[in-house]
Amino acid sequence: MAGEPWRGVVALLELNGVVKVFNRGNVNEKVALDGVSLNLVPGEVVTIIGSNGAGKSTLLNVIAGVYEIDAGTIKIEGREVQREPEHVRSGYIGRVFQDPALGTAASMTIEENLAMACRRGKPRGLRRGITREERELFRRRLSLLGLGLEGRLTTKVGLLSGGQRQALTVLMATISSPKLLLLDEHTAALDPKTAVTVLALTERVIRENNLTTLMVTHNMEQALKIGTRTIMMHEGRIILDISGAERKHVTVGDLLKMFEQVSGNTFNTDRVLLTRSF
Amino acid sequence: MPFDVVRGVLEQGLLWAPMVLGVYVTFRVLNYADLTVDGSFTLGAAIAARLIFAGGDPWLGTLLALAAGGVAGAVTGLLHTHLKIPALLSGILTMIALYSVNLRIMGRANLSLLRAETIFTDAARWLTPGIAALLLSFAFVVVVLVMLYAFLQTELGMAVRATGDNEQMIRSLGVNTGTMKVIGLSLGNALCALSGALVGQFQKFADIQMGIGMIIIGLASVIIGEVLCGAPTVWRALLAVVVGSIIYRAVVSLVLSLGLAPTDLKLLTAAIVTLALAFPVLRRHFGWRTLARGGSAAGIERRG
Amino acid sequence: MLLACGVLAALIAGCGGGEKSKTPAKKVNLGIIQIVEHDALDAARRGFLDLLAEKGYKEGENLIVDYKNAQGDTSVLQTIADEFVREKKDLILAIATPSAQAIAAKTQDIPILITAVTDPVAAKLVQSKEKPGTNVTGTTDMNPIKEQLQLIKDCVPTVKKVGVIYNSSEVNSQVQVDICKKVAPELGLEIVEAPITSMNEVMQGAQSLVGKVDAVYVPTDNTVVAAISSVVQVCEKNKMPLFAGEANTVEKGAIGTYGIDYYKLGRQTGEMALRVLGGEKPQDMPIESQKELTLTLNAGAAQRMGVILPEEIKGKASKIIP
């Protein structure tokens, strides 16, 4: 399948035989990742699909350092990072979660949230938390969202709608230009109209900053439309990895058929089948 | 006579305010139910009293109390973040340990500072007599308020606030939330110990038992302040805490001057705290609208 | 010296029936159980040990003292009591009511001497003051409250209203306040209560009495006594004469008291201990009150609170603190 693009380039992200087992030695034992290997070249935007429990979110979480892995290696720009704690890896990995409430601090203002995002990976000292230049920067960036937030810098984030918060989170995840951006179904909890806006915003910032991105989605249409490569996961393994010309001609129907072929199952997420293109 | 009463209430309210601000930092800002305060309050009084008793400088004693409180808070934080002991238990452990430490510091259970040189007797020399204590406690509170506010606006202060608000979010921005908790607990307990040092010198005694129940008094004051003043911004929230502290003392004074036993005051205090803590649940049940609490109320709903 | 010899002889004679009587150098194993560190309680303990020492029981020579303090934790009292019973102490000194109750519940055999217990009958330690009927005897520190209120009248003849600051959750204090209210009318006084519940309310409690009373009385209340400096401060500032239920509090700045000297009470308990060691049965030894009330005055405090002490009163004082 898609094996060619990264030859000769140092992979930005390189996973080798990554295994993650939950509740090991317990009746609830679950192999969430079963030897996952994956390479991403700089600037590559990869969408991940798969049925519920396929290991998509776990994959993002082990890359981000939320969970320690049981076997394998995770390299970023050639350096092994699987031992680094979450907050250290967060210094160069931007994340947006499904729940808009998770990505922002509700009791703090918009500008405070953005200012904290600006200091991603930098030591926090007793310097002023927000500088005047930053406020200007925030205003400019927020005005690009077209949500009117540029005039509400001192509004508490808790007072914003879910869509506004998620848009803000996307901005926060990317404002300090991380090496890697992880999006975990970040439009799933939004109403369709807001989801379109947030997705458009996401695509724009990825393009403008040339961000290497892993995006989990439950929407196959979206998965094929966005980015340059799509992988499909099932029971903790990558069962499909398509890119380039091959991917251009694939339809949602083809994807479902491929899934059945490779996994011997039918796709078990109603949501996926019901989802219409926007 | 009425002026005396007002002055008494203001003095007490202001002297206890750093403790209440400390509880605000741990409980509201850091979202950590920290029981260390019962011990660190006494710790502050013990250190100041012992130093004064030994003929030391009361100002130095007050400063040392502040530092020691910071250490006590850091111990609780480290127990929680490094040894993974549950939050509540970490505080209780430090509080219990401080009982012995405080007894060691004082050398006995009770130290009287009557006619000893304290920061208040010192201040009476260069401030208007009669209101010297009031002016000094006011000055302390202003300094604490301004410094605390300034801290909460720094990079570090904002990271501490975010840790209390949304740990996952601030960790995903590259902040070690464990360190932030240690810093927040250290700050909160430093303020409690400062308050203990002030109250000890003002009431002219330090006693091994004087910190008992501090956490509830602190919480009640924080909540009274928030309900009466609202907390739409950090600055307003801090002011509300100080107002809460004064109101709490006014209520105590009122109860006492009516000759009522403050026995029932404890029940009332517990009721106020219970009501305020149960507020989000009650509101969901009865469909109440937000009070004048602005962002705080929204903050409570962050899980929704 | 002669007396000491006599006591020792009596001790040996008393143990005569026992099997160990052949060793005259037998050491007495004394266990002391105390609820909390407190000036009065510590003084009682010192008095007890001083008296024993004077009468020939030297610690480390023929007396082994095992002093255990529960630091205010009643569960620790249980542990201490168990330990004392297990180690088969010869004699136990229990200081203050909770300590006495803890040890009395564990043994009916080892003689227990109590001190600083206000009401041993109510605490179910003895059947009656006159004839304990149990292995418990000792001294009570029930305050001579009527005499103390009389002292206020003697020093401040114009006094009408007396404020009483006390912890409403201490039973011991409630008892004393009830006695105050009972005897006050006989003396033509009116009691104004200022109940508090924690030592941090004491100062405000004192302030609440300003302008309402002619004098302030503080009973033997652990909470108020702990915070007595703040009461003294308020009383001095507002010229409210402060009287106390114990001499320790007078030393800390109250004007005066008739009362129990805990050191002497400890000594008196020590005398009783000698009798027990001499073979007397606690069952038959009446609970004793302090024999002679000592009048303690604090001249400096009187002056700072605007009271001129009558010469006649001064003459009766056993101690006047300058």
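To keep things simple, chains are lettered A, B and C as they appear, and every chain counts its residues starting from 1.
Everything below uses one rule, namely that contacts are C-beta pairs under 8 Å (C-beta built on N, C-alpha and C of every residue); 3 or more make two chains touch, one makes a residue touch a chain.
All values derive from a computational prediction rather than experimental measurement.
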Chain at maximum distance from subunit C, centres defined as averaged CA atoms: A
Centre-most chain [mean C-alpha coordinates]: B
Geometric centre distance via CA averages, subunit B-subunit A, whole Å: 42
Geometric centre distance via CA averages, subunit C-subunit B, whole Å: 37
Mean-CA-position distance for subunit C and subunit A (Å): 74
Partner subunit B, residues of subunit C touching it in the complex: 36-39, 71-72, 168-169, 192-205, 207-208, 210-211, 226-230, 232-233, 252-253
Touch list for subunit B against partner subunit A, complex: 151, 153-159, 161-162, 165-166, 168-177, 294-296, 298-299, 301-304
List of subunit B residues in touch with subunit C within their complex: 1, 4-5, 8, 12, 99, 103, 108-110, 112-114, 199, 202-205, 207-210, 212-213, 249, 252-253, 256-257, 259-263, 265-266
Of all residues in subunit A, those that touch subunit B in their complex: 64, 85-88, 90-91, 95, 97, 101-108, 112, 115-117, 119-122, 124-130, 156, 158-159, 172
